[in-house]
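One chain, subunit A, appears in both complexes that follow, with subunit B as partner in the first and subunit C in the second.
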Partner chain A sequence: MTRRWRDLGLAGLGLIVLLLVPMLGAPPAIRDFIMFAMAYGLLAMSLNLLIGYTGLVSFGHAMFFASGAYAFGLAMQSGKFSIPAAFALAIAFTAVLALVIGAICVRLNEIYFAFLTLAFQMLIYNVILGWVSFTGGDQGLMGGIPRPKFLGIDLADRTQLYVFCSVLFVVCIAIMRQIVTSPFGYTLRLIRDNQERAAFLGIDVARAKLVCFVISACMASVGGILLALFVSGAYPNFGFWTTSGEAIFMILLGGSTVFLGPIVGTVILRILTDVTIAYTSHTELVLGIVILILVLGLRKGPLDVIAERLENRRQAKAQKVRDAADDASGKKP
Partner chain B sequence: MLKLEGVSKSFGGVAATRDVSLAFADGSFSAVIGPNGAGKTTLFNLITGRFAPDAGRILLAGVDIAGLDRREIVRRGIGRAFQVASLFPTLTVEEALAAAVQAHQRRETVKLQSFPLAAAVSRAGEIMEMLKLTRVAGILSRNLSHGDQKLLDIGLALALDPKVLLLDEPTAGMGPEERWQMIETVQALWRAVHMTLIFIEHDMDIVFKVAQTVRVLSYGTVLAEGTPDEIRRDPSVIEAYLGKSAAA
Partner chain C sequence: MDLEALMRCLGTGSCVVTQLTSGMIIGMLLFLIASGVTLIFGVLNVTNFAHGSLYMAGAYIALTLYQASGNYFIAAVGAAVAVGLLGVAFERLLMSKVYGSNVLMQLLVCYAVILISDDLVKIIWGPSGLSMGMPAEFRLPPLRFMGGVIPPFYLFMIAAAMVIGLALWLVIERTRFGKIVRAAAVNGPMVSALGIRVNLYYAAVFGIGSALAGAAGALAAPVRSLTPGMGFSILIESFIVTVIGGMGSIVGAFVAALLIGFTRSFGSIGFPLFVDGMMFLFMALVLIFKPSGLFGRPHR
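So, the complex of A and B:
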């Protein structure tokens, strides 16, 4: 109970900090940076529900990022929907898509699961590219996304858009936090650690994986919608495999065992990219070196290292408790 | 009552279990013994639904459970612990047990509660108390000593409130003194909880001392069954398994 109030307090604090940024007169470049980071942050955070908490490494997560962006953009361009309705429609569409793809993928393990998600992603990507009359093909959704006012909110205004995105972002993070700290979140950890044994505890492993897959896809689609609103369009590369790869890279850069690790990774990646692009044309070279350092040097994300230190300290304490109890009962250590 | 009738299973032409018929009375404490490769673990795998038998019936309280999904068999009250403890390395003892209790109570859904639920914590506490694991409640499963890992493995099965508990070599890999501690804990557990307990064991001193009844498997068939005294004197068992020295 106390933990939940603490988490809610932190979420509120995070929102206040995000909202203070434009109020304190930060330059538009900073605001844009944060909006990008929120959209991609949701992609990485949602992917970590699968990778970090369930042990399912998906290489195709960006397909749901794209499906959110395209479904939202197309709904708005049709002129038949308000923004909240298009929002709900895009998430519902993604949920159904994820349900179908997930039902096929979650029966496979490890590399087979990874490659099947990659294959579905290529399928979706090629549909987007090929269906020119509907999706605009490689040009993306042309003509911009209309942003009619709703409930007195005008998303054509940059500040209002920023506030809207910040609120949605924090709400999604809070939902994901609740999921990973709930009994279901621990069911996912049981599956990650030892799915054979989880099945012997009576857990329906495939169903739990599928539920997680769909939730995670919906969260990614919100990220896609935010990005579509922000850039006023949707582009095929939202659903290209390199976008999925970037999301995995963000998780690596931050840490998969810490809840907010992927967000930290997103910020680091965006800073790295922006800085290197400003000074050199060798962005990939710099990113490659960073990956090498992480993989060969740390073998985990920077936040994972800190989390591990803290865990070791807790474990040392717990082992002292045990040794004291064993001494008292005369049992050999 | 757990009853096997003519159960057979082959793997690629090798018969691991051949026409096995056995009955375990409710609340009994039985040992299954036999040389390596006799089909003891296969028997457990068949009962718990890891494999479906090729032929025969497995009756739990009169209902045939042979070939059912292992989850369904768990729900009907058969729990097991493994020869090599099968744990959740990154969870602490208390977390793992509470998660297992919640899985059993089907509280896997995201409600507004946070893990662990109070009811699961108190049940996990009872289990830790029974198995003397309270002292290691906060230790990650992967950091436990070998003996505590075996106990936690049993604890995870207990979280399911099984009617029948199958223990695959609870004393495997332990020194003599530790073995006796382990088997005493298991015996105390069986006395405290009304259930049918079946264990596989290699140490004959332990088997003859604690088991009510003994089943001897050899080459996938039942060689003998009876009380420890009967088994000790059975000529076929002596010849096939215990060796000439035991007869002397």
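So, the complex of A and C:
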């Protein structure tokens, strides 16, 4: 219980820090950077629920990112919904989509799972590209997304949009933290570490995986909605396989064992991309080489390595304290 | 939906012949790529997500060799051999380092290789699409059959793919090499304990699978346009083929590739918007009713 309050307190603190940024007069470029990072951060964080906590390596997570963005954008462009209603609609649509795809995929072994999610993502991507009259095809959702006022909030205003996105972002992170630390979260980790044992203990493994898959898809769709609000549109590349690849890369960069690692990874990747673009047009080449160095050299994310070192040191220190206590009480071995 | 057009097509010989050959073309390309994927998966138990890049490399290398030599056959064989060697290098230098670790690491290595190879192609051959054009050897008058027109190159392509597929099947099923490979697929450490250098066989299997992709690229070069991202879309379809046919089964890959090829060619007349959906429907049905695929053995 105390941990839960501590986490909520930290979430509140994080929100305050996020909100202070524009108030302290940060340039708009920084604010835009943070908004991008929040949208993609939610994508990476939600994917890590699957990869890091459940051991489900999905290579198609961006499809839910895109479905959130498109469903929200289309609902708003129809003019029949307020922003909260379109928001709920987009998440509900994504949940149904994830339920259908997840029901087919979660029972399969991990290699099948990886490329079936990839294949379904390409199906969705092709639908977006092909259904030009509805989605605008490769041009994306044109004409902008209308943002009528609701409850006195005007999202056309950049500062209010920033506050709105920050609140949603922190709420989603807090929800994911609660899930990870709940008994269900420990069930997921048990499934990751030993699926057979989980099944023997009476856990419905397929159902737990499916629930996790749907939750994580919903969280990704919130990221997509934030991005759609931010760029005032939705584009096919939201759901392209490279976006999924980037999300996996963010997790690797940040570390999958640290809860907030994927967000750190998102920030690192965005900075890395911005820096390489400044020097060369061959960003893909540079990113590919960085991935190979990380995977073949460290075999895990940099944050994972740091977390491991810290943990080792803490244990060594605890051992030293215990030894010292033994010495003091005269019980020499 | 335009099922009427499909029925009208099925009523005329020329349309049936045209669609059958174009379906065979798609199917044979898919078969060559999918059999490489399925071979590598069956023996090494890794999925090569970068297989499409090898196909792309085959197409571009064939283009350059053809422009240099003017002989399509030299270009095709050269491309297959070169891509086979690339595959061996890829396996030895990168993939073999992540065999023991989880799928995530394999996925990331393949992702990195796709990024790097797409960018390298852009640097070497330029970002815009290229085309080889019909090779000089095949600039012959088209054959006529039941009112339909068949370019000679299509026949060569189909025959070449079938010969390669048959050779592959014979090597795996009827030779000592194939026997060791099949044994390594079941229990690698045991084969190794019998004094056989399994790593060499792993590298060889990866090389053969890559050479198949390279050959597919070389065969596709005269009839497809060459773009830096060309490997990825065909990769998805070849995955669908391996799932339907059954992982590890070359016969299954052949049957499923033809199924997908004909779905594409006839579907583009009857239900153009639903072709992709149809392929996924087939795949979903197979996964629900026979998860190991039409010709696959049940998973261990």
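Please note the rule applied: the second predicted complex is superposed on the first by the 309 of 333 C-alpha atoms of A that agree within 3 Å, B and C clash if a C-alpha of one lies under 4 Å from a C-alpha of the other, contacts with A are read in each partner's own complex, and residues count from 1 in each chain.
Operating definition for what follows: contacts are C-beta pairs under 8 Å (C-beta built on N, C-alpha and C of every residue); 3 or more make two chains touch, one makes a residue touch a chain.
Keep in mind that this is a model prediction, so the values were computed, not measured.
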item	value
Partner chain(s) touched by A:Ala318 [first = subunit B, second = subunit C, both, neither]	first
Partner chain(s) touched by A:Arg158 [first = subunit B, second = subunit C, both, neither]	neither
First, second, both or neither for A:Val295, with subunit B first and subunit C second	second
First, second, both or neither for A:Asp204, with subunit B first and subunit C second	first
Touching partner for A:Arg147 - first (subunit B), second (subunit C), both, neither	neither
Which of subunit B and subunit C A:Met122 touches, first, second, both or neither	second
First (subunit B), second (subunit C), both or neither touched by A:Glu196	first
Residues on subunit C engaged by subunit A in the complex (per definition of touch)	41, 45-47, 49, 94, 97-98, 101-105, 107-109, 111-116, 118-120, 122-123, 232-233, 236, 239-240, 243, 273, 276-277, 280, 283-284, 287-288, 291, 299
Contact footprint of subunit C on subunit A as seen in their complex	51, 55, 57, 59, 104, 107-112, 114-116, 118-120, 122-123, 126-127, 130-131, 241, 245, 248-249, 252, 256, 282, 284-285, 287-289, 291-292, 294-296, 299
Residues on subunit A engaged by subunit B in the complex (per definition of touch)	1, 3-4, 178-179, 181-187, 189-190, 192-194, 196-204, 208, 311, 314-315, 317-319, 321-322, 325-326, 332
In the complex with subunit A, residue positions of subunit B that touch it	48, 70-71, 74-75, 80, 82, 86-92, 95-96, 98-100, 102-104, 107-117, 120, 134-140, 143, 156, 159-160, 177
